[in-house]
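Letters are used for the chains, namely A, B, C, D and E, taken in the order the chains are written, and counting of residues starts over at 1 for each.
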Amino acid sequence: MEQVLQVLISGILSGGIYALASVGLALIFGVVGLVNFAHGEYLMLAMYIAYWIYNFSGLDPYQSLIINLAVMAVIGYITFKVIMERVLDSDHSIQMLLTLALSMVLQNLALMFWKADYRNIRIDMTNDTMNLGFLTFNTPRVLAFLIAIGASVLLYLYLQKTFTGAAMRAISQNGKAAQLMGINIKRTYGLAFVIGTTLVGLAGLLISPIYPAYPTVGASFSTLAFIVVVLGGLSSVPGAIFGGLVIGVVESLAGYFAGPAYQQAAYFLLFILVLVFKPNGLFGRS
Amino acid sequence: MILQVESVTKKFGGLSAVSEVSLEIEQGNVIGLIGPNGAGKTTLFNCINGTLPITDGKIIFDGVDITRKKSHEIAKLGIARSYQIVQPFGNMTTLQNAMVGGFCKTKIYKEAESIALRSLELVRLDHKKDLIAKHLNLGERKKLEIAKALSTQPKLLLLDEVMAGLTPSEVQEMVKIIHSINDSGVTLIIIEHIMEAIMSLSKRIVVLNFGKKIMEGTPEEVSSNQQVIEAYFGVEDGEAYA
Amino acid sequence: GGGSGNGGDSETADPFKVGAIYPLSGANALLGSQCLAAVKIAIDIVNANGGVQGRQVQLVEADAPDPTAATTEAGRLVDQQGVQVIFGSLASGNALAIAGVTEKSGVTLVESGGIADALTDSGFKNVFRILDKGGLRGAAGVSYTAEYVAPMLNIAPKDLKVAIIHEESSYGTSVADGAEKKIKELGLNLVAREHYNSTITDMSALVLKLKEAKPDVLFTVNYINDAILLVDTLKQYDAMPKVLMGCGAGTTDPNFAGTIGADSDGIFCTDMPTNLPLDVFADEAMKNVVSEFRERFRKEFPDMNNVSVAAEAAFAGSYTFLNNILPNAKTLDAEGIREAALTTKLDMTTLGFGWDLGDDGQNYAASANINQWQGGKVVTVYPDKLKNGEVINVPLPIAGQ
Amino acid sequence: MIKQLILKQNFVLWIIAVCSVIVPFVLPNRYFQDITIMTFLWAGLATSWNLYSGYCKRLSIGHAAYLGIGAYTSTLLYLNFGISPWIGMLAGGVISAIAALIIGGTTLRLKGTFFVLSTIAFAEILKVMTITSKEITAGALGLMIPYQPGFTNMIWQGKIPYALLTWIYMIIVLFISVRLEKSKLGYSLVALGENQEAAENLGVNSTRTMLVAFVMSAVLTSFGGTLFAQYVMFIEPTSVMSMGNSINFILLAIAGGMGTAFGPMIGSFILTPVSNLLRGYLVGISGLHGLILGLVLIAVLLYRPDGILPQLKLLFRYLFGKIAKPGKGE
Amino acid sequence: MLKLKNINSFYGEVQVLKDVSMEVNQGEIVTVIGANAAGKSTMISCISRTVTSFRGEIEFEESRIDSLRPDQVVERGLIQVPEGRLLFPKLTVRENLELGAFSKRSRGSRKDRLEYVYSILPKMKERANQMAGSLSGGEAQMCAIGRGLMADPKLLMFDEPSLGLAPIVVLEIMELIKNIRKEGTTILLVEQNVRQSLKLADRAYVIENGKILMEGNGKELLNSSEVKKAYLGI
């Protein structure tokens, strides 16, 4: 029993990070209507940036958080300006493909610049644990979870409570109409893209003390984020948060009861089951 | 009796968009369907052709109970409809659009093509047959809606506001087209807010309001009915609109 | 390849072309590029000493992230570039795909990475493997455990609870299969066997599951980052078994101890002999070669405090072949090379074991050492011939209850 | 007459497709022949993918699963029971059809992104199953086909037979595509892709149409899987069933022109050699060829989003239009 | 107040508008009529800048707006109620309406405006929480009109507002337009319902094949034989 509880909690902790990695994707999808296959690559970039800063200045990822996020925002903005902005009106398949190509470019750029080496950040805290009764928590994972959930909730509030948020939700449904409402489409798209990449960057940064950076590290997160986002109903931010937690828990339980080999299969299976019974995701509006 | 709608009800949550509506049409007839906005006209079409499952009631077409049939089966049986908000296949040419309908009753390419061409001619859109549909303007798209539906070679055609957005003289052209469709033996139910058109086309008119059928009669009867005038036509400068 | 340049002036003779195929992009790019660098160094050294049969060795590189690419690239090297020998290829899958091409064209493949049994069990005539088969590596750790570790723990081998955790690619699987077979053979008590994808980001569930099984010894096959993650997670949940017996790749990687620090003291890493102290080599020339290789490799990869196992193997494979085998070949074609490879016997290669190929092309002199991390260095504790330190920390001080 | 034929672009494209068979014969060595074989094979595979996803605009990113089913079925039958891959290929087709029916039955009603991602999920599950059912599939170790040349074994020493085989495969799939474009099924598919409800109202049985096309696409892909296995002679789940392969189908199709019979072929004719040659000749800096390929793709997508085919057609019209003119004068 | 000078507009190689010049004065109701595909919607979209492929000058309140972005045009108070409604289908009616007041100039008075819209289009209040995508054709049209009013427009351009509306509602809308004008909003109206809209108009333009064909006050045009023949079919 204690074990199961422990497994559950470790699942929830990972789930928080999955949620954060996914809300950005949900936002970009919701606003730009774009399935961003390069999403994970931004996570990878943020991890490398964290590593760099750590290596050159000794600032750990938490201390360099602001700089790192600023850099991520700039990178997001540049990709948007140079590439995404030009295909806003294009077919979805074109946009999707473009992000695939982009992920190819970013991965290979990383490979060229940083070689294929694994870049670890070991800070004092990496293996710290906190105990609560019989339960054990790894401190960086707890921190990551708290920050991740906090950031996701902030995003949710922003979308719900501000008018820009409302514009973001409207824009994907009818771009022309949105323009006629006085919404600056490009700026809003750009904002969503930048927020999205910054958030997934934050996720990368938070896991950098516990997980090494390497050029293809983003790929596995990309697929995972898609699953999370679809589970949550595509453009729903609370859906993505919930979806992230669900996947984290399912992965953990499957790992414990069936074996780690089945972790991925388990959440894919869950995903298919959900789609069979709720074709619009758990939080999707039909 | 080609179509019998027996006490059909359609609910969306608590709202009864159509409630206990019954109507019957004879082969070759033209019936007009009018009523205020949101009265349930389009919903009734959706129920008849199987786009929406009905909550209650029964629909019999040509002796076959089609209440629970899917829309593609119903199309095969011979009911076609046009959309109020046009739904062209934007990236196909006009002819290809119509050919999708043309394949309803045949598998042979040439046949489907000639059926489609004939319906395009009928709605006078054949000169634009190779244009990509998304480049058509609204009036042409409305015609395309009809041509697509006609290509399925229906016995019963449901037209939903095909004349909205046309100038009066274009309306007259469309009226002629519809007449010629009817002359070729197709039974029609027409939803329209343009009174000149509907009055001159339909033998009988059914009026819906709040999902209920409030009356049925000849155009004259309907246009002089006080209830209909108040709910639907309105009064302009002291005189009835119609 | 043309005829042998018998007696020809080394300045004017055609260069002897060899190829190297490693994954230089994609998920395995890290080790792939290290292997390539090692092969380059080997060729440089050989060329400085006059080349092969008086001909300078010329390298053609190729990048093969997966077997399909390996097929195409092998074709390029063989048919377009006309190489006679290919060094490769890190992943067993790639090796098998390359063998499919080279075999048809009578080109030699010298494999120093792929350890799948199939490579030398499939009747290829011109495929030679310097390393052990994967099964051997797994088995060596188990045998050693039964014979030496169990007494240190005061547990009879048949009561010894052991578990296997391995990454699920062909590498991890074949090593683990070898280990499992040996465990059954020796009658140890196997309480769990689990595999995972090496991109796993959280091992909590795995470790908690393992904790329930309470193994005394954990055999594990990993790549580097999952190896680190495993040790970290075991520690966090206070689930470290008494003995952690790593079986290659991840646990032997120089970055392993570099990253986890002092906690690595006492963790075993069964692998082929690696980073052997120079005095193992009796031959003065070989000492020089090995130290030159290590020096140049470190210059190329300054971040690494030790040469990686894969690179050592790639170096050993290519250097031995160019320096010891090819000079014995009557003709530098498949026939001649095969004969030389099979008839040449060496007591010692730069890997510390000898060269003695069976008809299947497998080097039966290859062995696996039992190594242990001690003070951030890999120390060989078995076999006695190569040993350069005594076992420490059994059971591990960081072992859980 | 001939001029008229030339002006029909499909005629020219057919000529290109058919004449490409000469290429492996004129190329100087087996490396280039190998690239040609890959080009034919990928052209066939991308065209198979296009058969459903291209026309219906529902991207499947899980088609590597069918590639895997084809490869594994024929290989396992051959290795375990000595059954010729020619028969194994058909068996793979049957199994793929069954798999596609099951998968399609659950996912085809999903819309847009939901569908896209569900295809990934199924492919990944299949991959995990293949890895974990070690007793049957040898798991991650992969399967090697012993080199025993012979027609019944579908193994040859030289490259030419493979080139012919993959070329025939490509031509067959292409022929099916072209026929599809002029058939009820094709029209129904395209209409469904544009607007499902409107199509249904015109009598299109969407479930059946999609299932039929999906199964066709899966079966043809799995045939390609058998060819793939017989050619590379080694298969392992992680590389055969990788998402990378699925993505490659899409890349080729879109680069050439998605939803057109010849687009995927053109895409493969251009991109497969380019990416192979880039990998071969830019080996010095790891990552460089991937980077260049990615950049080229981005450029194509930004500046020629319809793919290369429409450009090519314009070119034909320009070229042959000019040729046709003086003809008129005569 | 609004001036168009020699507008030429193109879709690809097809010229849709040819040297169109017109103007709308403060406080007027100006109607534009014309057959299908005459270019009416294109003209309005040029003004809103959602169509950008045109040459010529557009002036609003004495300053050029022909190089602004669409949102900047809205910010000036020049609002379009587009043809074909263009609602946000997955937002509720209320959310749709609120977005009408997105621009800075109207954001502050959003609440009051919403009440105002509800009061003149009570049906919208009834359906406030329904997804706009499931509205009936006519209801959707009302929602679009309401959304335009939310923006606190100086000049409101209607593109076929009566499309799909029941006769009684058409009358109400025409009445509404009169009232809006009384409250100080200038109106540019594109309509197929030629009779109704000409009755309402102070001035009117007839556009055909992308050219302005006639110009005059509403009553005049209504009685002109050409209009009668071409557009009323009499």
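Here, a contact is a pair of C-beta atoms (placed from the backbone, for glycine too) under 8 Å apart; a residue touches a chain by one contact, two chains touch by 3 or more.
Small disclaimer: the values here were computed from a predicted structure and weren't measured.
K.L.:
Give the chains in contact with both chain B and chain D, ordered by label.
P.N.:
Common contact partners of chain B and chain D, which must touch each of the two, are absent.
K.L.:
From chain C, what is the lowest number of touch steps before chain E is reached?
P.N.:
The fewest touching-chain steps linking chain C to chain E number 2.
K.L.:
Count the C-beta pairs in contact for A-E and for A-C, then report the pair with the higher count.
P.N.:
Per the contact counts, A-C leads.
K.L.:
Compared with chain B, which chain's mean CA position is the farthest off?
P.N.:
That would be chain C.
K.L.:
Roughly how far is chain A from chain D, centre to centre by C-alpha average, rounded to an integer in Å?
P.N.:
32
K.L.:
Measuring from the mean C-alpha position of chain A to the mean C-alpha position of chain B, what distance in angstrom results?
P.N.:
The computed centroid separation for chain A versus chain B comes out at 48 Å.
K.L.:
How big is the gap, in whole Å, between where the Cα atoms of chain B centre and where those of chain C centre?
P.N.:
That pair's centroid distance is 76 Å.
K.L.:
Centroid of chain B to centroid of chain E, CA atoms only: how many Å?
P.N.:
The separation of the two C-alpha centroids amounts to 28 Å.
K.L.:
Which chain B residues sit where two or more other chains touch them?
P.N.:
In chain B, no residue touches two or more other chains.
K.L.:
Residue numbers in chain A touching 2 or more other chains?
P.N.:
As it turns out, chain A has residues touching two or more other chains at 108, 111, 115-116, 215, 261, 264.
K.L.:
Kindly provide every pair of chains that touch.
P.N.:
Chain pairs that touch: A-C, A-D, A-E, B-D, B-E, C-D.
K.L.:
Name, in rising order, each residue of chain C that touches chain A in their complex.
P.N.:
25-30, 32-33, 168, 194-197, 199-206, 208-209, 211-212, 224-225, 228-229, 232, 235-238, 255, 259, 261, 303
K.L.:
Would you tell me which residues of chain D are touching chain C in their complex?
P.N.:
Chain D residues touching chain C: 29-32, 34-35, 38, 131, 134, 139-142, 144, 146-147, 157, 228, 231-236, 238-239, 242, 244, 276, 279-280, 283-284, 286-287, 289-290.
K.L.:
Within the complex, which stretch of chain E touches chain B?
P.N.:
Of all residues in chain E, those touching chain B are 11, 33-37, 83-84, 123, 134-139, 141-142, 160, 163-172, 192, 194-195, 229-233.
K.L.:
Which bits of chain B are touching chain E when the two form their complex?
P.N.:
12, 34-39, 41-43, 84-85, 135, 137-140, 161, 164-172, 193, 195, 231-236, 241-242
K.L.:
If you look only at chain A, which of its residues touch chain C in the complex?
P.N.:
Interface residues on chain A, with respect to chain C: 3, 6-7, 10-11, 14, 108, 111, 115-118, 120, 122, 126-127, 129, 136, 138, 207, 210-212, 214-217, 220, 251-256, 259-261, 263-264.
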